[in-house]
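Two complexes are shown next, each including subunit A; its partner changes from subunit B in the first to subunit C in the second.
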Partner chain A sequence: MKSSAAKAVTNFRDQGAIETWIASYIARVIEKDAGELDENATFESFGLDSVSVVGMTGDLGQWLEREIDPVVVYDHPSIRGLAAYLAASR
Partner chain B sequence: MSQNALVNEMNVLEVEMPVADERDVRAVEHVSIAQLSINDARINRGQVIHAAAILVLPTMGVAAAAYLAVRDGVSLMEITVLAAMYSVAWIGITVGYHRLFTHHAFRAGKLVRMGLAIAGSTAGQGPVNYWVTNHRRHHHYSDKPGDIHSPYYRGRDAIKGGFFSKFFHSQVAWTFIHEHSNTAVIAKDMLRDLSIARIHRQYFLWLGLSFVLPAVIGGLWTMSPLGALKGFLWGGLMRLFLTYHSTNFITSLTHMWGKQVYKTTDSSRNNGWLAVITFGEAWHNNHHAFPSWAYFQHRWYQIDLGGIFIRTLELLGLVYDVRRPLQRAMDARSLARRPHVVSSS
Partner chain C sequence: MTDLMVQPSPRTAEFLRAPTPTAYKGASGAAIRSHYDVPSEFYALWLDRNMMYSCAMWEKPGTLEDAQVRKIDYHIEQSQAAGKARVLDIGCGWGGTLRRLSDVAGIGSAVGLTLSPAQAAWIAKDPRSNVDVRVEGWADHEPTGPYGAIISIGALEHFARPELSDDDMVQAYREFFLKCSRWLEPGGRLSLQTMAYGTATRDKINPFILEHIFPESDLPTLSAIVRAFNGVFEIERLRNDRMDYAETYRQYGRRLRARRGEAVDLVGDDVVRRFETYCGLFILGFHTGAMDLLRLTLRKL
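Presenting the complex of A and B:
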């Protein structure tokens, strides 16, 4: 029982959770409902500029407790793409 | 089973079974938009290249234009493209970037907003969100540590030295070294307007067109390649030289030189002769006292071309909710004695 609880806490920052975090973050910035955001659309298409995307990776890194080089966003510029990359590269 | 035990049992179950919704709620709770200052190698490199280009290239263009002017004289074409492109850039900066986007001093429909964002882009002072975040930060810290272009501070440090050190930093050097601010923190409103976000990304396109256009006009006006070159030099590079330095006179001189008529927490000043060439911006003490007013003209003799432009758009029905100066507010902040108070001397 204890080990499964611990596992649940670890899974807390898996791809799905990171996707949710990014979608909620963007939703709060542009004042939309997180559910309305297309996870495969580019950050640019939501209106985000380069400074705000770099700021987002900084805030995301704080939450994930790891350094995220903002350059990865140029290669993975969508909610799903960035979350998948970060979950895989842990 | 007691009720507490049941609650405990349920809590354990929840931890054991992190269904998607439960997990998502917890991720959402951790969202915080916190990073104000952005320090990114790519963005900083772009800043230095841009700052060097808008300082050096227009200066070279002025030298070339001066050489040709001495050789051939100056015709009406050069004066016309210079005056027209100078006005477009300055209207874009003071009416668009500054009064509309930074301070919401009036409201406008989509096409007027887009037009003003495009006109502002031609001034070569960066994309619209960059300008807005810089300027909101300037008002927040005005002439205090953290102000990005004060004559008195370089970042957090007081500038030692005389007039030249202070002038050089606030006129030129700040563009190379200042900190970037996160649009998501201090200018969320800019990100929500997708038509403006697109113009922000197309900045170099609009800036580039502001050089092509006067070259085309010069070529067609004179039907010669030399005319196209002169149009490019006068309407493009010399125009950018003049808008660059006149705009930065606002960041430098109007915080050092001129008259203070209102009590403000900064060193902003009014400067009548600069006000004419800066489309009203140099009534800078007026502006810092009441940043969200659309008109920088508070007295009948204070010429504010940007304000006249807004009034014209308003009369044409193109802008609305224009924030006008309020006499009572001006009187309350004024440093001058009231007329009815008799001096004791």
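Presenting the complex of A and C:
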């Protein structure tokens, strides 16, 4: 129990950190500068296809060390919305 | 490393050359092998104990294995296979349905068809005396007698190719239904399970799936299936259980993640990634309704 509690603390990422991670990921995929991305725009408007969505949720899940169902991207379709949901639901 | 990409098969080349193609007979052995002949040990890492590689039934909470057995029993019930002298399983995979038929359904004998020698070899490791597995397609099958029931789970997806016109797809499916009808005893039933296009159309499906996961295969639409069996079978029951498949792929993805290291040792990182992407895409596809999961109970007319 002790070790899992310690793990939870070390893996804590707040909404801001998650937003930064997602923006950097998308910036790499669409070859733009992360700073140019509107955090309230939909993932679809960035031209992300379903393979990219699946890749992003997979990598994000590895980084956060938790399972992230790719369908949450459809329920929370912006950088800010997804980060807020993930920060709140951990 | 096993390559999921496929070489053009002689049958495909022959089909493309034919000036007036006869009805398409389904994906070539090479195409089926490219997907299913990744070593069976790889699938064994993340499928359930019965090696069922098709949509389970999640009517209540439980394990993947529970939900897969519930699915098999559903098809045994719908096809009324219990107690029948002869039962056919078209696209028998690693034999989960055949073993269940033999072990609990009180059948005389069962015949299973697969295009994958690896699957047939796997089944032979845990044989049943009244089960006969053949590495052949439905188009080449010559039964030695009539069947009392036919089950086909996750095979129809491989019967049509992306290049076929809608009418040619219907014709390919119709050939299949005509054969099934001819092989069945009067009033016999075919219990069929297949993925289908939902709100998506061919051009909207991510090319990754058709190129890497199911080469030479295309999904049916419900309307194409209905046109194809019209006048050959009557429909007794139709279910769209797409959420069952989203959950099944969630389980697949989770189980593959849990055994990832062993999976990479067996087939390499590229193949594991391909399967991870495919599981994620299918979770999305079934969750959003882009794809459906159809279960049809058909009675011979």
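Basically, the second predicted complex is superposed on the first by the 78 of 90 C-alpha atoms of A that agree within 3 Å, B and C clash if a C-alpha of one lies under 4 Å from a C-alpha of the other, contacts with A are read in each partner's own complex, and residues count from 1 in each chain.
Please note the rule applied: contacts are C-beta pairs under 8 Å (C-beta built on N, C-alpha and C of every residue); 3 or more make two chains touch, one makes a residue touch a chain.
Everything numeric here is computed off the predicted structure, so don't read it as measured data.
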TODO: Give one of first, second, both or neither to describe whether A:P70 is in contact with subunit B, with subunit C, with both, or with none.
DONE: both
Task: Touched partner set for A:D38, first subunit B, second subunit C, both or neither - done: neither
Task: Which of subunit B and subunit C A:Y25 touches, first, second, both or neither - done: first
Task: subunit A residues touched by each partner, larger count belonging to subunit B or subunit C - done: B
TODO: Could you look at A:D59 and tell me whether it touches subunit B, subunit C, both or neither (first, second, both, neither)?
DONE: first
- [ ] Check subunit A for residues that touch subunit B in one structure and subunit C in the other, and list them.
- [x] 49-51, 54-55, 58, 70-71
- [ ] Spell out the residues on subunit C that touch subunit A in their complex, using ranges where they run on.
- [x] 206, 208, 246, 250, 254, 257, 276-277, 280-281, 283-285, 287-288
Open item on the list: With touch defined as at the start, can you tell me which subunit B residues reach subunit A in the complex?
Closed with: 12, 15-18, 20, 23-24, 26-28, 30-35, 38, 40, 42-43, 127, 129-130, 133, 180-185, 188, 191-194, 197, 200-201
Task: Touching residues (chain side subunit A, partner subunit B) in the complex - done: 1, 4-5, 8-9, 11-12, 16-18, 20-21, 24-25, 28-31, 34, 44, 46-52, 54-56, 58-59, 62-63, 70-71
Task: Of all residues in subunit A, those that touch subunit C in their complex - done: 49-51, 53-55, 57-58, 67, 69-71, 74
